[in-house]
Amino acid sequence: MAHFMTLPEAVAQNLNSGDTAAFEGFTHLIPHASAHEALRQGIKDLTLVRMTPDLIYDQMIGMGAVRKLIFSYAGNPGVGLLRRLRDSVENGWPHKIEIEEHSHAAMANAYEAGAAGLPFAMLRGYKGAELARVNPNIKSVTCPFTGEELAAVPAIRPDVTFIHAQKADRKGNVLVEGIVGVQKEAVLAAKRSVVTVEEIVDDLSAHPNACVLPGWTVTVICEVPGGAHPSYAHGYYPRDNASYIAWDRIAADRDTFLAWMKENVLDATPEVFDDRVSHLRSRS
Amino acid sequence: MAHFMTLPEAVAQNLNSGDTAAFEGFTHLIPHASAHEALRQGIKDLTLVRMTPDLIYDQMIGMGAVRKLIFSYAGNPGVGLLRRLRDSVENGWPHKIEIEEHSHAAMANAYEAGAAGLPFAMLRGYKGAELARVNPNIKSVTCPFTGEELAAVPAIRPDVTFIHAQKADRKGNVLVEGIVGVQKEAVLAAKRSVVTVEEIVDDLSAHPNACVLPGWTVTVICEVPGGAHPSYAHGYYPRDNASYIAWDRIAADRDTFLAWMKENVLDATPEVFDDRVSHLRSRS
Amino acid sequence: MIETDFTPTEMMTIAAARALKNTDVCFVGIGAPSAACNIARLTHAPDVTLIYESGTIGTAPSVLPLSIGDGELCDTAVTTVSVPEMFRYWLQGGRVTVGFLGAAQIDRFGNINTTVIGEYDHPKTRLPGGGGAPEIASSCGEIFITLKQSKRAMVEKIDFFTSFGHGEGGDHRARLGITTKGPTLMVTDLAVWRTDPVTHEFTVVLLHPGVTREMVQAECGWTVRFADEVDETPPPTELELTTLRDLNARTKAAHSGAHTGDAA
Amino acid sequence: MIETDFTPTEMMTIAAARALKNTDVCFVGIGAPSAACNIARLTHAPDVTLIYESGTIGTAPSVLPLSIGDGELCDTAVTTVSVPEMFRYWLQGGRVTVGFLGAAQIDRFGNINTTVIGEYDHPKTRLPGGGGAPEIASSCGEIFITLKQSKRAMVEKIDFFTSFGHGEGGDHRARLGITTKGPTLMVTDLAVWRTDPVTHEFTVVLLHPGVTREMVQAECGWTVRFADEVDETPPPTELELTTLRDLNARTKAAHSGAHTGDAA
C-alpha cells in the first residue's frame, strides 16, 4: 500500500546512488520536482532510463549525477539539442556518460515487457537501422510459426520509477489522464515507485477505463502541486513553452548552467513548483 | 472509413461461408444480434474464434454452422456447460467440430499480437499444462538474453470480427466502455469488422483515454439497440441472467433447441432485440 | 458469538474466506471462490484486492456476480483494464499474491482438470476448459482451492492436467522451472487441507465441526493423509454467517429477475 | 487565386501538404512535418488522420505543437492511447499509410541520420537520436520527407543509418525483408523529389517557382538527378498561404507566452 510522505523523504528512502532509475513522462507530466530533489540530495552514479530524456536528464547529466543513459530520443522538443548531454558525450564534461540507445518502439516495448513480467520484448523493428550494430542489447528471435526474424530487447526493470500524476486518493490510487505516455508501464516494471501528484482527493472520480494505478502498486505518494513544471499537468496548467525555449540558452554555457542550477534547484525546495505554475493555471 | 448500413447488409457483405470469424465480447457486449443474423443468412463452415464461447457459439454449433472452434473457456458463465457444444464434441451432432484450445492468457496475447501486427505472441504460460501436448499451435521461444523458454502461440487474425459497442458517432468512431474485454484487439487484428451499437450519436463525449476505435479502423457500423441481449451494454441495460439460466434447459434437448432457434432466431429480425431489453432498461 | 446451525457449504465458504489476508491481491477464479473472496472482503479483510479476469481490479460487488464479467464488478472496481492487459501486466506481471480456484476434478497434489472427462479427443464429458487457470496456477504467489468433496471430483488420477499443481509431488514444480508456490491450501465442505512441505501432498489439518476422518475419506478418491495433529475448524461466527447469508440472499434476488423466456 | 509573394519555406510546407490525401493516416514526425500535415488538414484534406507518437490519434490542433505531446493534441484527438499501444497496435500494426519525417542528414536514397555527426562512439555532434523514426521508416505504407536543402543536410554519405530508406538503392529494401514502400517523396524548399521506381534514387520532378536546376544542385551534396520532364510546382493558392500564415501566427502567439525565466 502506498505511503504518503514528503518528497525529500520519498527520495531519501527510495533512490540510492548507483540505482537504475526512470523519471518518466512523455512531454506531459514530467517529474521535474523529483529530479530536482534527487540532485539536492546528491545522488550519484545513476543509470537513467527514459524514452525522451529532456531538461531534467540534461540537468542531471550536467551536474555529474549520471553514469549511464538508456534512451531513444534526447532532445529539447521543438527547441533543439540537449547541450549538457552533448557536452558530456562530445567533450566529457563533467564526465563522459555511457550510452545505451534504442528506438522509441523498442523502449516502449521494453517497458511493456517489464510491466508484463517478461524477460524481453520483441518487435518488428530496427530493420536496416544502424543502432542494431552499436547496441549489443539489440538481438533477435525467430517466429516458430512463420520463421520471421524479429528484434528483441531486454525488458526494462528500473530499481525505482518516478512519475508525476494529476491526482491520488487517500488510499493511494493514482489517476493519470491525457497523454499517458509509458508511465503506467514504468511504474509496474519498477521495483519501487514514487508518484508526485497535483493533489490528493477523497474520490478520484475516474472513468472506469482511465489509467489508474491502484495504491498497492505504488510505493510512495507525495503531494507536489506544480511538480511537472515546465512540463504540464493536463487539467491543471499548460506546458511552459517559454521555459523550454529559455533552457537552450541556459544550458549553452557551463557557468550559466551551474549558476542557474544553484539558484533554481540546489537552493530551492519542492514547494517552489506551486509558485512556478501559478501564472499558468489561468491558461489551463 | 466506416460505412453505415443495416445488419443484414453488413453480414451479407462481410461474412462468407468458410471464414475465420470472431464474435467477441467478454461477458459484456456480446454481439448476439450479429450471430443471429449470420445464422439467418445460412453462413456455414465457419472457424469461430473466441476466448469465451457462450450462448451464441453454442447456438451456431448446434445449427451446424461451425467447422472449427478456437477458444479458451466454453461455458455458460455461472450456469454450467454448453450443451450444444458438448453434443457436437461428444456425440457428433449435428457434426463433430474441430477444436483448437488455448488458455485465456494465450488467447488474449494472440489477439494482442494480431492487433500489433506480429506473427506470434509469447507468454510465460502453459507450464506443466497439458494443452501444450494436444495443441500443436503451442510452441516456444527462448529469450536471447536470459535463456528462459517462453510459450509461443500464433497471432489471431480473423477474416472478420463482430463486436457490439455502446455508441458510434456519425464519422464511425466507436466507444466501448466498462468491461472492454479483448474487443479492441479483435477488431484491430481482423481484416474486416462489423460493429453493432446501441445508438449513433453526434458526439461520443468520450474520455480522452477511453477505448475508442477510430472510424477508419472499422468496416461497418450498424445501429442495433439491444443487440447484446441477453448479455449487457453498460449504461444501457443489465445482463439478463434469467435468460442465461433458461438457456441451460433450452439447449439440453435437440428438439427444444431447434424449435427455440426457429422461433427466436430464424424467424426473427435484428429489430426484436430492442424489445427484448425494454423491460431491463429501467434496471440499468 | 459462535453459531452452531450452519451447512457444510457455509462452513466451506467461511473457512476459505479466512485464508485471505487484508493485504492480499487475489485473482478470483470462476465459481465457488467468488463467495469466499467476497466474504473475506466483507468481514476481516476489507482492503483485500479482488481481481476478476474480466479486467476488474479492486472490485467490491454487493451481490455475487453470476458471470465473472457482471456490470457491478466494473461499477465498484478501482479500475477496469482490457483482458490482454489483465493477463500481461497483472497476472503474468507477478502482482497477484493468491489465485483462488475451483476444480471439477483434482488430485492429491493439487493438479486440476476442468477440460475433459475421458480422452481429450473423444471425451465422455467435455468440460469448459482452462480459461485463466493454467497461468493463474503458475503466476500467482500461491494457490488456494475450494470445492465440495466427492469421489468424482477428488480422484487418484485426473483425466487431463488443465492446470499444474505439484505434478507428481516433491520438487516436480521446481523441476519445471515454476518459481511460485502453487497450491498451499484446499478448503472443502468437510475439512481444511494444507500442502505437505516436502511431498506437497494435501494433508487434512482441520476437520469442520462434526466431521470425522471417515467422512472425509468417504468422499475422497485417494487415501487421505491427515496431519499429526488435526484440530477442529473454528465454527462460523455470527458475523461470518450473517454476512454470508445476507450476500447469498442479495445475490439470489438479483439474479432471479423476471425471466423473459424469449431470448437467450 | 495564385499568390506570388511567398517564402521558400512556405512553398515547401504547402507542397508537402499537398501530398497528403484526405483518406491518409499519417504518422507525423517531430519538427518540420507537423506544419505540412496540419496545412493538409486545414485545406484539401479535412478528414486526414494525424497521429503523433505521444499517443494522440486523429488530432486537430489549432496551433502547431512545440513538442509532439502538447496538451492540445490530446484535447482535439479522437482518442489518446499509451505510447506502447501507439507503437504496437498503430505503427507496427500496419495501419499508417504515410510516415512524414524530417531529417538532419539524408542521402539520395532517403536514408536518414538524426543520431550523430562523426563517429558513433566519439561524435562531433551528438544529435537527438532516432526516436520513432527507425520503425516509422519500416512500418508505414510509404514515407514522405521534408527538409530545407543544404549541403550539410543532403550528403553523399550519411554518418549513421538512423532510419533506413532504400539503403544502397535498387531492391536493397526488399532484400532486408521490408515490405513497405519506404521513401517515395521528398519536398524541400526548392523542389519536389520522387523516388525512381527502379534505382530508388530521389529525382527532382518539380521545381518551385523561380528555382533553377543549378540552385537545387548548389544546396545538395550529391549529384542531383532530374526527371526527363521537370515541371514547375504550382505556386501556393491564396487559401493555402492564408491558412499557413494564420496557423503560424496563432502558433507564435501561443508559444511565446510570458517567460518565467526562473525554472526550466
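Brief remarks on what is shown
Letters are used for the chains, namely A, B, C and D, taken in the order the chains are written, and counting of residues starts over at 1 for each.
In the analysis below, contacts are C-beta pairs under 8 Å (C-beta built on N, C-alpha and C of every residue); 3 or more make two chains touch, one makes a residue touch a chain.
For clarity, every value in this text was computed on a predicted model and none was experimentally measured.
The minimum number of touch steps separating subunit A from subunit B is 1. Separation between the centroids of subunit C and subunit D, computed from CA atoms only, is 57 Å. Subunit D has its Cα centroid 40 Å from the Cα centroid of subunit B. In whole angstrom, the spacing between the mean C-alpha positions of subunit A and subunit D is 27. Contacts with at least two other chains are made by residues 74, 80-81, 88, 92, 139 of subunit D. Residues of subunit B in contact with at least two other chains: 112, 117-118, 123-124, 148, 178, 180, 184-185, 208-211. Listed by chain label, the pairs that touch are A-B, A-C, A-D, B-C, B-D.
By the touch criterion given at the top, residues 117-120, 122-124, 137, 139-146, 148, 150, 152, 154, 177-178, 180, 207-211 of subunit B touch subunit A in their complex. Taken together, the subunit A residues at the contact with subunit C in this complex read 1, 112, 115-118, 173, 184-185, 188, 206, 208-210, 212, 214, 216-217. Subunit C contributes residues 23, 25, 47, 49, 57-58, 74-75, 77-81, 88-89, 92-95, 139 to its touches with subunit A in the complex.
On subunit D, the positions that touch subunit A within their shared complex are 30-31, 53-56, 65-71, 73-74, 80-84, 86-88, 91-92, 115, 120-121, 123-135, 137-139, 160-164, 167, 172-173, 176-178, 254-264.
Note for the complex: subunit A touches subunit D at residues 26-28, 32, 51-52, 55, 71-75, 77-79, 81-82, 85-86, 89-90, 101, 103-105, 108-109, 111-112, 123-131, 134, 148-149, 178-182, 184-185, 211, 229-230, 232, 234, 238-247, 250, 260, 264, 272-273, 276, 279, 283.
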